[in-house]
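After this come two complexes, each holding chain A, first together with chain B and then together with chain C.
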Partner chain A sequence: MAFPFLWLLSTAFKPPRELAGLHPTWIPEAPTLDNFRQAFAQQPLAAAAGNSLLAAAVSALLAILLATPMAYVLARVRNRLSRAATGWVVISQAFPLVLVIIPLFLILKGLHLVDSRIGLIMVYVVWSLPFALWMLTGYVRSVPRELEEAAAMDGAGRLRTLVSVTAPLLAPGIVATALFAFITAWNEFFFALVLLKSPEKQTLPVVLTHFLGAEGVADLGPLAAAALLATLPSLLLFAVIQRRITGGMLAGAVKS
Partner chain B sequence: MTLATAPRRPTAPAADRAARPRRDLGAWFLVLPALLPILVLSVGPLLYGIGLAFTDAQSGRTQATRFVGLLNFSDLFQDSLFWDSFRIGLIWAFGVTVPQFLLALGLALLLHLDLRLRWLARALAIIPWAMPEVVVGIMWRLVYHPDAGILNETLRDLGLSGAGDGRDWLSGLATALPAVIVVGVWAGMPQTTVTLLAGLQNVPRELHEAASMDGAGAWRRFRTVTWPALRPIALAVTALNFIWNFNSFALVFVLTDGGPGGRTRLPMLFAYEEAFRYGQFGYAATMGLAMVAVISVLLALYLVGRLKGDDDR
Partner chain C sequence: MRHDPAPGRRVTRRGLLAAAAALPAAALLPGCSDGRRRPAGGRITLRFQSLAWQQDSLKANKQLVAEWNRQHPDIRVQYVQGAWPTVHDQLLTSFEGGEAPDIIHDASDDLADFAYGGDLADLTALLPPRLKRDIPQRSWETGTFDGRIHGVPFLQEPRVLIANRAELHRSGVRIPTPEHPWTWQEFEEAAQRLTRGSTYGVAWPLKEPVSATLNLALSTGGQIFHRRRDGKVEVRFDAVDQRVPRTIHDQVNVDRSASRTTLGMGGSDTLPGFFAGRYAMVPLGFSYRQQIAQQAPRGFDWTVLPAPKGTALDQGVSPQTLSIAEDCPYKEEAMAFIDFFLSPPNMVRLALGDWLLPTGQEALKDPALRVARYDWATGTALADSLRSAPAQSVRGYPEWKDKIATPGLQEYYSGAIGLDTLRKRLVEDGNPVLARYQR
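Take a look at the complex of A and B:
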């Protein structure tokens, strides 16, 4: 499974002479950091990383703030709304994005939010809500109801109960969900491709495709170096939360 | 479902009942912050998009958009390029989903057998799962690269230079689709494996032990004990994988951009071109709706299967 990744790694550190050689090798004979320097020189990578960071962090934070209260209600109240919401989670994952992006493009254009980081962040928030709800609902269910009932007996309303009793216990789940939302937005390509036109606003995945060039002729070394850099944050974060992600997604998939 | 099966408290506490109306208002207050954005930027656009499929909407046009009824649908029906991409989409989705499931099932069974290896599997699984699809595409372009790629070099080393010598897998008319399918299988394997592995953990161990005591072999135990317990989750994961694959975009966009000669032009790539390269918003929305038709059938199968799975329990 890891071999293609090792190849990416190897290519990123090869000098041009080895890349042009007839018999490529797994281990670069003369490893170099030149590709990384060149990657930054060829495309606005630092700015793109900044844009990705902004979009991913802000949208993850907003998604969590909006989703946590709703997930709490979905987990605790079983009625038509909660069933509809669960159904929507499944359906929203199943629609071809083109059916949503055209109207979104028109709506955002009407609001003068096409080619705007704010517009992209709005889309990312809404786009990450379904799975944030899905994961968080699972986490809320794992908090014993009895604790909340005790708080209710003392006269606390839902919001009070959520903030003072449930949320602290949910903290690890909330962090995991937020990081997952972050990674998803960091990796996202389609919306960013359609919605952002100005080079200085584009996110990392879109800028990476500029390395490919028109005819698919690419400068392989810098391409590999840039791709590697774009992957590292999500790989690291994913390694941290991976156990919780699989647990949370499964809680949603199997139990809801 | 777990909660539903957990024993309910016999009577709701009196205080809770008294506080009901206030608390339900509170519930709405908690739901609205997420519900409103979903309605405005997700449900709304979806309905709008369905509406657009019946119009001649174009980007940057001065005249007003007109309602054209089923015109787009009859155009689409006669659009041989669309049918090509539809067929390619189905081949791709089956070609990715089926091997992905079989390989993931094998891997999951293996890992379930040997708990000590699970950390390794998790570690390896992280790589394709966490990578941006764009990077997965770039990475495989490097692997497939005719001169600097490791695939052709490996084939040469194996003495299969006839097969691999300087071959450009992603630009060959015959090899492009299989080549992107391999990448699709690779990219989605970990998620499927981890899901199935979790499903295997729900298989009651006692049943397994009882079956081996009765002298059932490995295959029989799989068929009579493991599979029935795994079936609902296997069905769910396959249906969702198929839908995701049918809708996929970024991976193939980066690998081939639909080429050579449209041989890997998935429906999403076609619709994207139509909408954002040629500005045919209405027509592209119609394509989206046609894709929904296929997906709906599958989603229905999935939901029916899941309901049946629930009844079995």
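Take a look at the complex of A and C:
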């Protein structure tokens, strides 16, 4: 797992002559920031990062706002409908991209939201919602129902129980799920490529392709520098939430 | 007028994916409204999607757009950045969705789908006489489909031999020039003499072997694709077609003057070995000089040699082109921009930025492109020998290339199959593929 990142890190700081060495080295002999300077000079990386940040942050927030109550219901209400809904969520993850993008196009057309940041955010919400729902359902199931029952016995109303008892216990799961949705949107390429036409709206993964020439030729140093910058946020976030994600996915998997 | 989509439109997995994505957009996406293009005051805005990606090339493109905008306040050109790896899919969705850029930068071998599909304007009547005269007919052929010009070819790239000059001198081989290039026989002998110890005479980077093989085969009169009297194209693999592939095969498998390991590599991948003296020569595109100039160790002495000559010095190329979208409501203005963009001095700036050759005859005469530095002069001397790539307008070529020719040539070059088997594959398996596109 660490190898690609370390190699990217090493490449980003190497001058061109070191990049073409027959015996590549881990540590650059003459480390340089030129690749970063060139990357920023060539492409609007900061603006693209801003677009990615906006799309990822807003879509993650919306996904959480929608997924949390839905997950609570799915986890607490066990009937044929909720089981079918859970099954549908799982199956939807297996849909090929082409099947998903067509209805999304239809929706965006109706809303006049093609080449629009709002349209892209809506797509990202729809795209990340099933997995967010699945993750959160696991978290909700991991909160013992007995705690809610105890709160009710102590006289707390349903809303009070949810706010004061369940929500604090769910908070780590909500944060982990939000960060997962954020990373998914941050790294997404195909929807952004197809849906956004205006250069000022392009996201970071799309702008990264601008460092590539015909037949796979690449401006390797600046590309590595730009890719490193694009990777860092998701890598850092992933490092922070890794345990929580694993815990969330496994939560509720075993009956107590 | 839009033409019926040709049956031979490229069908690749990526293409299918993008087409499926674009399908609903055909009817759904909002088109480019005049409101966007013509705000109050009568000024129009044209979107120019450029694929420039190298630092100098980007700078030249953006400067030219800025100069145009200064000189033409009523016809504003908006620079839009595209990317080579995604341009086909991106244009496909853009055309289907009515969101295509007005002026489109692409490669001539990528235009067939869009030209036959009616997405690109016929430029024949729009071309200014100066531009028409300046670019030779052999280059116009690369942007011509069914007799209509759909792309203005402006930059092109010959395949050359990039050689370690010290090794050349040490071996005592004759140094070829554009006026007196090696024959294929001489090239084979030179590669053998350059092979010593752990150094191979040549490294063929043939990760994508088809276009390299086809384009170089033109020098021996190889066509591979032959147009019959009824207009249909069929594959043949005659003696003249076999000369170049046989040379590569024999260098790898018989006299061992070529490295086997580089067969699966791209051009850039061979450079570390070239710099380290593992290979004395590498056949590469002319623009690779930039990477070599940037990356070669200090003191590494390299030179550019013309590709070997057969019955002629010819080789096939697919130039970069500029096109106008059929849906663009301001085609004359778009052509005026193209005319400005491709004026001789500007074509020189673009060529220098991309380390490529201009197609324009006036630009080719520019002293900046005739210098010995980085062997620019060797490249410009080769410009007359560049022809339309054999597969340029063959319908079904992409499928033939992916399913038949690429694996066939890879197996042949590695020594897994012989020439007869290769011929059977290319011809007997290949012709039914092309036939499907020509019913």
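The criterion applied here is as follows: the second predicted complex is superposed on the first by the 226 of 256 C-alpha atoms of A that agree within 3 Å, B and C clash if a C-alpha of one lies under 4 Å from a C-alpha of the other, contacts with A are read in each partner's own complex, and residues count from 1 in each chain.
The rule we apply is simple: a contact is a pair of C-beta atoms (placed from the backbone, for glycine too) under 8 Å apart; a residue touches a chain by one contact, two chains touch by 3 or more.
All values reported here derive from a predicted model rather than from experimental measurement.
When both complexes are superposed on chain A, chain B and chain C occupy overlapping space and clash. Within the superposed three-chain model, A:84 lies out of touch with both chain B and chain C [touch as defined at top].
After overlaying the two complexes on the shared chain, residue contacts for A:213 are found with chain C alone; chain B is out of touch.
With both complexes superposed, B is the one of chain B and chain C in contact with more chain A residues.
Shared-chain residue A:114: touches chain C; no touch with chain B. Within the superposed three-chain model, A:2 lies in touch with chain B and out of touch with chain C [touch as defined at top].
In the superposition on chain A, A:141 contacts chain B only, with no contact to chain C.
Within the superposed three-chain model, A:19 lies in touch with chain B and with chain C [touch as defined at top].
With the shared chain A as the reference for superposition, chain B clashes with chain C in the stretch 19-27, and the other listed options (1-9, 19-27, 73-81 or 181-189) are free of clashes. When the two complexes are laid over each other on chain A, chain A has residues 19-22, 97-98, 101-102, 106, 190, 194, 209, 211-212, 216, 218, 220 in contact with both chain B and chain C. In the complex of the two chains, the chain A residues touching chain B come out as 1-5, 7-8, 11, 19-24, 26, 65-67, 69-70, 72-73, 77, 81, 85, 88, 90-104, 106-107, 122-123, 125-127, 129-130, 133, 141, 149, 152-153, 155, 157-159, 162, 183, 186-190, 194, 204-205, 208-209, 211-212, 216, 218, 220, 223-224, 227-228, 230-231, 234-235, 237-239, 242-243, 246, 249-250, 253-256.
Across the interface of their complex, chain A is touched by residues 16-18, 20-25, 28-30, 51, 53-55, 58, 79-86, 89-90, 93-94, 97, 99, 107, 207-208, 266-268, 271-273, 275-276, 278, 288, 291, 294-298 of chain C. The touching residues of chain A, counted against chain C in their complex, run 16-17, 19-22, 38, 41-43, 97-98, 101-102, 105-106, 108-109, 112, 114-115, 190, 193-194, 197-199, 202, 206-207, 209-220. Put simply, chain B touches chain A in their complex at residues 1-3, 13, 15-16, 19, 22-23, 26-27, 29-31, 33-35, 37-38, 41-46, 48-50, 52, 57, 122-135, 138-143, 145, 147-150, 153, 156, 171, 186, 189-190, 194-195, 198-199, 202, 233, 236-237, 240, 243-244, 246-247, 249-250, 253-254, 257, 267-268, 271-272, 275-276, 281, 284-285, 287-289, 291-292, 295, 299.
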